[in-house]
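Structure first, commentary second.
Residue numbering begins at 1 within each chain, and the chains themselves are lettered A, B, C and D in the order written.
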Amino acid sequence: MDFATLAPFLVGVVISGLVLGFVYAIIALGYTMVYGVLQLINFAHSEVFVTGAVVGFEIFRVLNGVEMNGYLKLLLALIAAMVASGLLNILIERLAYRPLRNAPRLVPLITAIGVSLILQDLIRIIEGFQGRFDLTYQLPTGFSTPFCGPESSCAGVGKFLGGIGISLQIKEVIVVLVALVSLAALNYLVNFTKLGRAIRAVAQDRVTAGLMGIDANGIISLTFLIGGALGGISGVLFGLKFGTVNAYSGFDPGIVAFTAAVLGGIGSIPGAVLGGLVLGVIQNLIGVTNILGGALNIANLGVIDSSYQRIGAFLVLVLILIFKPTGLLGRSNVEKV
Amino acid sequence: MTAISNRASARPAPSSTILSIKGLTKIFGGLTAVNSVDLEIPRQSIVSVIGPNGAGKTTFFNMITGIYEPSSGSVDLDGVSLLGLRPDQVTSAGIARTFQNIRLFASMDSQENVMVGRHSRLKAGYIDSLLRTKRFHESEKEAEDVANLMLEFVGLSRFRHELATNLPYGDQRKLEIARALATSPKLVLLDEPAAGMNPRETEELKSLIRRIRDDLGVTVCLIEHDMRLVMTLSEYITVLDYGSKIAEGLPHEVRNNPKVMEAYLGRGAAAGEYGKEEQLKGGANA
Amino acid sequence: MKKTSILALTLLGSLTLGAASAQTSLKIASISPLSGGQSDLGTQIKNGAQLAVNEYVAQFKKLGFDLSLTGYDDQADPATGTAAARKIAADTSILAVVGTLNSGVAIPSSAALAPSHVAMVSPANTANQVTDRGLKNMNRIVARDDAQGPAGANFMVSKLKSKSVYLLNDKTAYGEGLVAEVKKALQAKNVKISGDEGTEEKSDFSAIIQKIKLTKPDAIYFGGIYNQIGVFVKQLREQGVMIPLVGGDGLDSEQMVTIGGKGSDNVFYTTVAAPADALPSAKKVADAYSKTYGKDIQGFGIFGYDAAKVVLQGVLLAAKDNGNKLPSREQVETAMRKVRATGLLSGTVQFNSMGDRKAAKMYIMSINNGKFSLNSTLNVKAPVN
Amino acid sequence: MTAIRPGSQPPVAAPDRSVALIVLAVISSALLLISQESSWLARLPSALANFLKNPLVASLVLTFFLANLLFAYRWKASLWAKLLVGGLSLFLILPWAGRDNTSVLDLAIQIGIFAALSLGLNIVVGLAGLLDLGYIAFFAVGAYTWGIFGSGQIGKVLTYFKDNSANNGPVVAVGGLVLLIVTALSLRAINRVGGKRTPVASWAFLLAALGLVIGVTLLVRGLVMLAAANAAGLTSGVNPNFFWLFLILAIAAAASVGVLIGLPVLKLKGDYLAIITLGLGEVIRVLANNLSTYTNGSQGITPIGSASVPWFNSLAGAIGFTPDQYSLFFLYFVVLIIIAVIILANMRLDRSKIGRAWIAIREDEIAAQAMGVPLVQTKLIAFATGASFAGIMGVIFAAKQGFISPESFILNQSISVLSMVVLGGLGSIPGVILGAAVVTILNISLLPSLGEATASLNLPPQVNPAQLQRLVFGGILVAMMLFRPEGLLPSVRQRRMMHEDDDPSGNMTPQDSLAGELKPENAAEVYSPGVATRADNERGGGTQ
């Protein structure tokens, strides 16, 4: 395996890692928003994101026969998912987390786990009524054709991508674009609007924010709405990228996305994005270590195959947290004694 | 009382200073919180470190007790360097402290709070606790005795089994002092013990601090804003401002030192437009 | 009474259904995951078994038995499966069991049932270890790994003429066991193994696909279940890799096409269940299933149906030998190893001394533009008779 | 902690209910025995017999019987009444019922196992306040320690080494030992020099720790190679009587893995610690799944033996147990003994220097350190103690199941143990045991029996309770946390702080909580997720 074939191979691995990273990043945002305001690991977020994916599936299924521009269908799916997941998230906060606002920190955590179990079965029941379990996205035509394929206009880019063995799908490019747009919108909202300041104030110190006339409960509900909407978007993007979703497929990506949020520095929005991208690339690189091991003929590297992907990500997280306890971009308030 | 008195009260060790600090500096990023401060604390004395808010007093304390890592300089207790020691190792070495904001263990009662102070002094280890060996019973009894003694010493015996957070504010301050004394320290650092106390409680505190030095033979170093308390209690005062030592000496020397007044009251006052006496006493309390 | 215990008891409420009936009740049990991530597959097994039971209720009523099926949930967890097995052992009206989905649950549950001689017929466990332990009560209608593996390998070598194969498995007892046998068979025919790895990932396979594109194998063998392989093959084809993919009976389901979409073309799998069009009765069962459960039957539904039919014919044989009176569990257990079950979707079933199928027809199915077609058939014998 | 009656009972002396206790115990035991004893059941009128045979009623009867132990503990009754009810139920009635229906014994052992796991996790989460989401990994370490040696797997491992490795076994072993000693010494040296936070120190520390790990693995490999010579003798595993030795070895193995996991992460706080322990728990499960030369990977290991005590078996035979039930009967009593030892150890540690240190670091790390409590050391002891309870129970689990595979040690198990601890009452020994009993009975007996009872109705899958167990369990979790956040039997400390009178879970809007916030010692919440933080200001002994 000479360098000529290895280099494009690695570039291809990194690029597909980045696309995967964007999906994790936008799910991680949902965790970071809620954690920022309530310091709570919102286990139920994985089901909020699956709700978005299911709503997206239903929209595409209903619109499957309808003669409409593919991107319009996508827009409708995104909006419907944002509304559904956003409202669900508010409902969860109102019923399950608000009464426990001052209970010891572990109590809302267990409640979140309970809510997650309930939602998983509820989604399965609702879809079960139509006799469905594994929901496969019926995407509009053209979403799966290679982006900049040989016959399309931007052939140059296509040739380069083709050269390194990558044929990005249009849907993958959509995933990246929608993720970027959402991140930009969120960044603007949190950092440049009055509402954003209120959210950051409540995140810093709920009590003092209350003193400044901010209705903390209202802001928390709003944060859950935004977190839920992001969850809805990430659900649709997940469905686009991977094609099939079921009631229980939220748990694993949820854990990986939360790891990404912690890797980037829990509570920090750019951190969640950076964490997601870094995690996506690391997972892919670990997945190909046995090829690298073979290439650089380091014998026992060959053992590390794709089943080590997940734990590789965790070990990297341990290393990073040892040297930077608050994650890559985490705020480290030096302890006032 | 002296039966359990600790090593410090043995006849004065060879050198008369218990704690000598040379060139202690702490730089946070660009800001120099403490700028090369020297300090010699004589054995069995009561000294104070004063200065306006933000002068770096608490940072100075935190470097002595190992919570912050000094950027440079040395801290020697009885000739032994404390540099690089963890806070619990500093406590075992013999320096105990209280905190500006009271930090009691909410879910424990007063006696248990003080018994935690005995942690580094108790001989019984993990296995002793598991097997309930003789050594375990001895050390538990000793811990309880010392705790009760310390509670009695600060006058809180009647609250022995009361939750620490249920005590009135002044008593919580005393409980923190009792907990610090339970570590059998050579030197105890009190961080604004009189903050939020009414005059009666401040008087009680003054007699308590004196008894700490006289009865327990423990050296006391105070950070305090209550000038009346500082002036009447301290044998020696050091004044910090913007992280550097601007004055030190006996109480009356420091009171009349223009640099001190300037630090506290701003330039005009130092030029004598106001009466020196009242300003220094009143101003400092604002 | 303390508030807490009242809270626990009333919360559950009691559905006291005292089903008093004159006839002696004779029950068959099914053990499969009914809740959690694998509940879809586990429910298919239970529903398939229920379908078979419904067919036999009349026949059993003539003999004076009130036949019913009780579905136990093992949550795909060995400890819960064992607990269910012990409950079944205690309920003497249960004479035989259809189960389980996961080999990891089958092994301890069958060991728990062995002392009380409760016969067990598995619709899905292919790991050799399940019957190699020599338990008298453990049987299975699916082919063993060391039968299904070589069948897939030989197919790749002879029919697909593949010189190099990339091996993948889903890190479960089923997937890993099957691929180990395939690898042995391929190495015996010195076919190059371009890769051999497992992945628990259910959604993103980009790293594996990159490696496949780099090593350029002639074919891929994936030991796993359709809900994972469908997603994999879809992404594989989208990355322009059109080489054939071969798998085991885990792929035997329409969902393979719905999930895989166009990507499921050029996919082959080995199974013991006859294709729907090749066997008229299969069509009838499929219609009955979708009528009763509102969803179309999948591979595991067919296997559940067949396993239950074998169990019921075994019980009937035991009852006949016992003068049409309620047979003991021991009699059912021995009858299970004697019965020659017919009218099944996977051909006639007869178990050998170890509980494996004596001879079974192995079908190799191929999927092209969404339609399942029979590629070839071969006979498979259990290693020992 | 003496078996104190709940402190906050109303002052008027509660009525002495020993008579009621005994009567209830007799009724429930009789019900249980009748419903299990097929011969007695036959004599009953068939309607009543079928009613008792209904799976839901059967498990309700069993739950009612087990609830007796709760009443015996909680009710104000004379000591002899309590001991009589407790003793007879555990040592006579339960085994007797278990004879006909082994699922009763199986359930009792599972409750025992999860009670020990909850007690272990209670020390880590309840006392020391370290949120550990990967606790089941230590259970796996214990299970595989006995699983590998107690079955033919050790024979396979040795033959693998005999065939593949050259005979440099002794060299590797000695090399490993030397490396181990060198790194251990350097670790101690680094610690003593106390070069606290200088980067050089933490790098050196990490390298030394890595060296330690490599040293241990080399040593083990070397020893295994040495032992490979007599591989033939171990095809069916070590002599089962080594079971007792392995109970101790498993404690050591789990405790050392606990320390190994604890070392790099104990500087972290709250949710960072949670995600890291979650990750390391998954690491151990994946290693068990991948290192198939040692653990036989996903195929799992079977058959795993357990020690058999001849006189005990003859006793079991005497009272009617069939030979295959001997091991279950034997393990039931082993579990009872181990649970008693663990409860005693828990109570002793709680009322000692180490117990106070744990609670101190949970409340306020800075203050605890200032009082001379060494943070990392105290946390490591908590981790190791918690891990050792899981380790010993892992051996029992392997012996009971006779088969172990990685799918028994998934993340959901760690989460359900955590829910047992929080449901039962953080930091409360009786509460945590009750939590374990309630959750185990729900998951293994009550909820499945709900499904079985309605099986004959064959309800559509969507509504069939058999498929809704997780939904019901989730609902119970949420309901419990909303209406009783301090748990079923809150610890004395917890209740004292929460003053039973004002309902802690009252719906406090920020305005109400202002009063609570402004007390001087509750200065503004200092929020720093990563670095050691001061105790958050939430009322009650909340954990980080």
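Note that in this section contacts are C-beta pairs under 8 Å (C-beta built on N, C-alpha and C of every residue); 3 or more make two chains touch, one makes a residue touch a chain.
Only a predicted model underlies this, so the values are computations on that prediction, with no experimental measurement involved.
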Most distant chain from subunit C by Cα centroid: B
Chain closest to the middle [Cα centroid of all protein chains]: D
For subunit B paired with subunit D, centre-to-centre distance based on mean C-alpha positions, whole Å: 43
Separation of subunit A from subunit C, taking each centre as the mean of its C-alpha atoms, in whole Å: 35
Centroid distance [mean C-alpha coordinates] between subunit C and subunit B, Å: 73
Centroid distance [mean C-alpha coordinates] between subunit B and subunit A, Å: 50
Multi-partner residues of subunit D (at least 2 other chains): 286, 289-290, 366, 461, 467-468, 470, 476, 534, 540-541
Numbers and ranges of subunit B residues touching at least 2 other chains: 67, 99
Sequence positions of subunit C contacting 2 or more other chains: 35-36, 39, 171, 198, 200, 293-294
In the complex, subunit A residues that touch subunit D: 35, 39, 41, 96, 98-111, 113-118, 120-122, 125, 128-129, 204-208, 210-211, 216-217, 255, 258-259, 262, 265-267, 303, 307-308, 310-311, 313-315, 317-318, 321-327, 330-337
Residues of subunit D that touch subunit A when the two form their complex: 125, 131, 202, 206, 264-265, 267-268, 270-272, 274-276, 278-280, 282-283, 286-287, 289-290, 366, 411, 415, 418-419, 422-423, 426, 461-462, 467-468, 470-471, 473-478, 481-482, 485, 504-505, 507-511, 513-514, 516-517, 524-534, 536, 538-544
For the subunit D and subunit C complex, residues of the former touching the latter: 36, 38, 46-47, 50-51, 53-57, 60, 63-64, 67, 70-71, 74-75, 100-103, 106-107, 110, 286, 289-290, 292, 297-300, 302-303, 322, 324-325, 397, 401-405, 407-408, 434, 438, 443-446, 448, 450-458, 460-461, 464, 466-470, 476, 479, 488-489
Subunit A contact footprint on subunit C (complex, rising order): 35-37, 39-40, 171, 195, 197-204, 206-211, 213-215, 227, 230-231, 234-235, 238-240, 255, 258-259, 261, 293-295
Subunit D to subunit B touching residues, read off their complex: 193-198, 345, 348-349, 352-357, 359-360, 363-364, 366-375, 381, 493-494, 496-497, 520-521, 523, 534-535, 540-541
